[in-house]
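Alright, structures below, take your time with them.
Each of the next two complexes has subunit A plus one more chain, namely subunit B in the first and subunit C in the second.
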Partner chain A sequence: MAIFSVYVVNKAGGLIYQLDSYAPRAEAEKTFSYPLDLLLKLHDERVLVAFGQRDGIRVGHAVLAINGKDVNGKYTADGKEVLEYLGNPANYPVSVRFGRPRLTSNEKLMLASMFHSLFAIGSQLSPEQGSSGIEMLETDTFKLHCFQTLTGIKFVVLADPRQAGIDSLLRKIYEIYSDFALKNPFYSLEMPISGGGAGAGSDLPLTRPSRARGPSWCGCSAGRRRQLCWLRRSLPPPRRLCSSCSAWRWC
Partner chain B sequence: MSRQANRGTESKKMSSELFTLTYGALVTQLCKDYENDEDVNKQLDKMGYNIGVRLIEDFLARSNVGKCHDFRETADVIAKVAFKMYLGITPSITNWSPAGDEFSLILENNPLVDFVELPDNHSSLIYSNLLCGVLRGALEMVQMAVEAKFVQDTLKGDGVTEIRMRFIRRIEDNLPVGEE
Partner chain C sequence: MYGMLFSIRSFVSKMSPLDMKDGFLAFQTSRYKLHYYETPTGIKVVMNTDLGVGPIRDVLHHIYSALYVELVVKNPLCPLGQTVQSELFRSRLDSYIRSLPFFSARAG
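And then the complex of A and B:
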């Protein structure tokens, strides 16, 4: 999946829309017997692996589920504390699923505001007058592209580093925002765009097929990721796993 | 590339008669509700303002114009791009004040007033006041405080419709970053 997330930040730095489309995260489920050879610690309302690495479970992975039931922060589905539960030999053998923890919506809000501040700092650091803020942030696993409109709304896209055409995607998202959010008279400006109700279908345009183009570029009938597949036209077509039909296709 | 893809949705044409009728129904209903021309004018301006703050994003998204550096550029963009895009007309820009902060938009034909005749009891009604609100709201979102008012109106017997736009000041609070 080439596009990882989309964030829309309003003038004041508040997150008004967020969409994640990660590939399935690396998760590992194993059955353990007492004593557990991984060292667990409590951090930020989650139980993380502090030390010990085996079979796809790495340091920093969080406990996602015990015996098939998803955990709720630091408590199991039954309300017991995870660390206590795993410290009690009577509960073993136990099957625990570890994986990279997802960001909660509060964390995303915080990160968006922080990015807004960094964006402002980026423009102030500039030796030239009237510089734009951060347009791209590159790491080895993703590239963050940001586009600020003349009215102060920022569109941020996290994508694969090799993905081209993100500029046109940002413009397209701007058009979609002006259509779906603004043309809805019940939507108040600068407020979060809800997924349902007044903002019904706001994430659909980002994932639904582009109407103006013909058959799906990757030929899958589900056509869910057509819009993004179409963008890949700017690249020489790599053979990759199609995200909606999970088949190897020239996409 | 994706701009062309969107042109498909642009070619959905709507009947301009329906638009004129809708606007007419709106104004007559407001007249019935408020019974006072001044109040109706104010309401039309407020409604136009609400439209303008949203329309500007649509305009910027579709037209790809860059930042305007002075009022003359703004006037050009309003007349040649914005009016063309939304109403299909291209007003002319005249009567610049010596300081360059006021100008007039001359509209030869106004699509909002096709077939409209103002009755005598509504002589102080500014029928197309929505347009003034739209201009005000849209420019406010790009940090320009302006005042727009009608000085001539074909409905009142003048030859052309003239909107006078005056630049008040640049809005300095809540600036997007990098545009100080």
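And then the complex of A and C:
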């Protein structure tokens, strides 16, 4: 999926809405014999790989399951400590699943407020006058786009680096926010938005940007080669009139 | 700036949905773009440019490998870890930046 997640941050830096829509992360399950050739450490209530990369297991991956049963933080499903369990040769051979740890909702809250501060510092670090905060942050695996409204609400979208049209998506999310949240008489400002209308409405624009921008082949075949049609820069209509066969076509 | 970059790096490593190889590359605001390149030894090369500049990771890598390593690291008189005093490094870096295609002296 081209859009990974959406965060809405209020003007104090608190997270008020969050939506994840990426596919499950890559996981690696392997059977090990004693002694384990990876170095594990306990970090933030999770058991992470500190050293020893092989076969899809990278540093920073967490222990997700032992012998098929999901671990609960640093404890196995039976309640024993994971590090103790894996240190005991009597438990081997053992099948352990490693993968990138999912963010807990607490961590998402912390990351949202961290971004809020980074956004502000980005505007102060500017070599030129009158800079806004961070509007786009680029890495090799994702691009983070941020749109700050005049009222201080930030809409943050994490997407694939090659995905285009995120600016219009951010404006669309702003529209949906003002339609579902602000016009709701029971919604208090700056408070977390409950799913309901906001959730239902925000699924719609997530499917839109995955359409390719630029030329696409119209499906009509009027005896000659297919016609190119260009998508307009603003949000396109769902169908357009094909110029050669004058039929409504999906573009 | 160092604190900001350190925080951005840890933010990005937590947020990323996939395993990262190069990490944080750049960020931009409405007025400038900050490009970042870090070596495995912890040397960070940062460049602030205009918004129209595309990915310049190879430029930053060149600054590190052909300028910093050659003129500062291999210089026995330059103490590593401290502010670079080398005049040669400064002048070579200046002429290299001026020779870049996206450098243009603007008024004001």
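Simple rule for what comes next: the second predicted complex is superposed on the first by the 190 of 251 C-alpha atoms of A that agree within 3 Å, B and C clash if a C-alpha of one lies under 4 Å from a C-alpha of the other, contacts with A are read in each partner's own complex, and residues count from 1 in each chain.
Note that a residue touches a chain if its C-beta (ideal position, glycine included) is under 8 Å from a C-beta of that chain, and two chains touch if they have at least 3 such contacts.
Quick caveat, the model's predicted, so the values are computed rather than measured.
Q: Looking at the overlay, what does A:Phe98 touch: subunit B (first), subunit C (second), both, or neither?
A: Neither partner.
Q: Would you check which partner chain A:Glu128 touches, where first means subunit B only, second means subunit C only, and both and neither mean what they say?
A: Touch partner of A:Glu128: subunit C, not subunit B.
Q: Mind working out whether A:Arg171 is in touch with subunit B, subunit C, both or neither, as first, second, both or neither?
A: It touches subunit B, and subunit C stays clear.
Q: Once the structures are superposed on A, label A:Lys183 by its partner contacts, choosing first (subunit B), second (subunit C), both or neither.
A: first
Q: With both complexes superposed on chain A, which partner does A:Phe147 reach: first (subunit B), second (subunit C), both or neither?
A: neither
Q: Between subunit B (first) and subunit C (second), which, if any, makes contact with A:Arg58: first, second, both or neither?
A: In the superposed model, A:Arg58 contacts subunit C only, not subunit B.
Q: Quick one: classify A:Lys11 as touching subunit B (first), subunit C (second), both or neither.
A: first
Q: Give one of first, second, both or neither to describe whether A:Glu138 is in contact with subunit B, with subunit C, with both, or with none.
A: Only subunit C; A:Glu138 stays clear of subunit B.
Q: Could you give the residue numbers on subunit A that contact subunit B in one complex and subunit C in the other?
A: 123, 126, 130-133.
Q: What does subunit A use to touch subunit B in their complex?
A: 11-12, 119-120, 123, 126, 130-133, 148-153, 165, 168-169, 171-172, 174-175, 177-179, 182-183, 189, 210-213, 230-231, 233-234
Q: Using the touch definition from the top, list the residues of subunit A that touch subunit C in their complex.
A: 4-5, 22, 25-26, 58, 60, 100, 103, 107, 111, 114-115, 117-118, 121-123, 125-142, 144, 158
Q: Which residues of subunit B touch subunit A in the complex?
A: Subunit B reaches subunit A through residues 1-9, 53-58, 60-62, 64, 67, 141-142, 174-179.
Q: For subunit C, which residues are in contact with subunit A within the complex?
A: The contact residues of subunit C facing subunit A are 1, 4, 7-8, 11-32, 34, 48.
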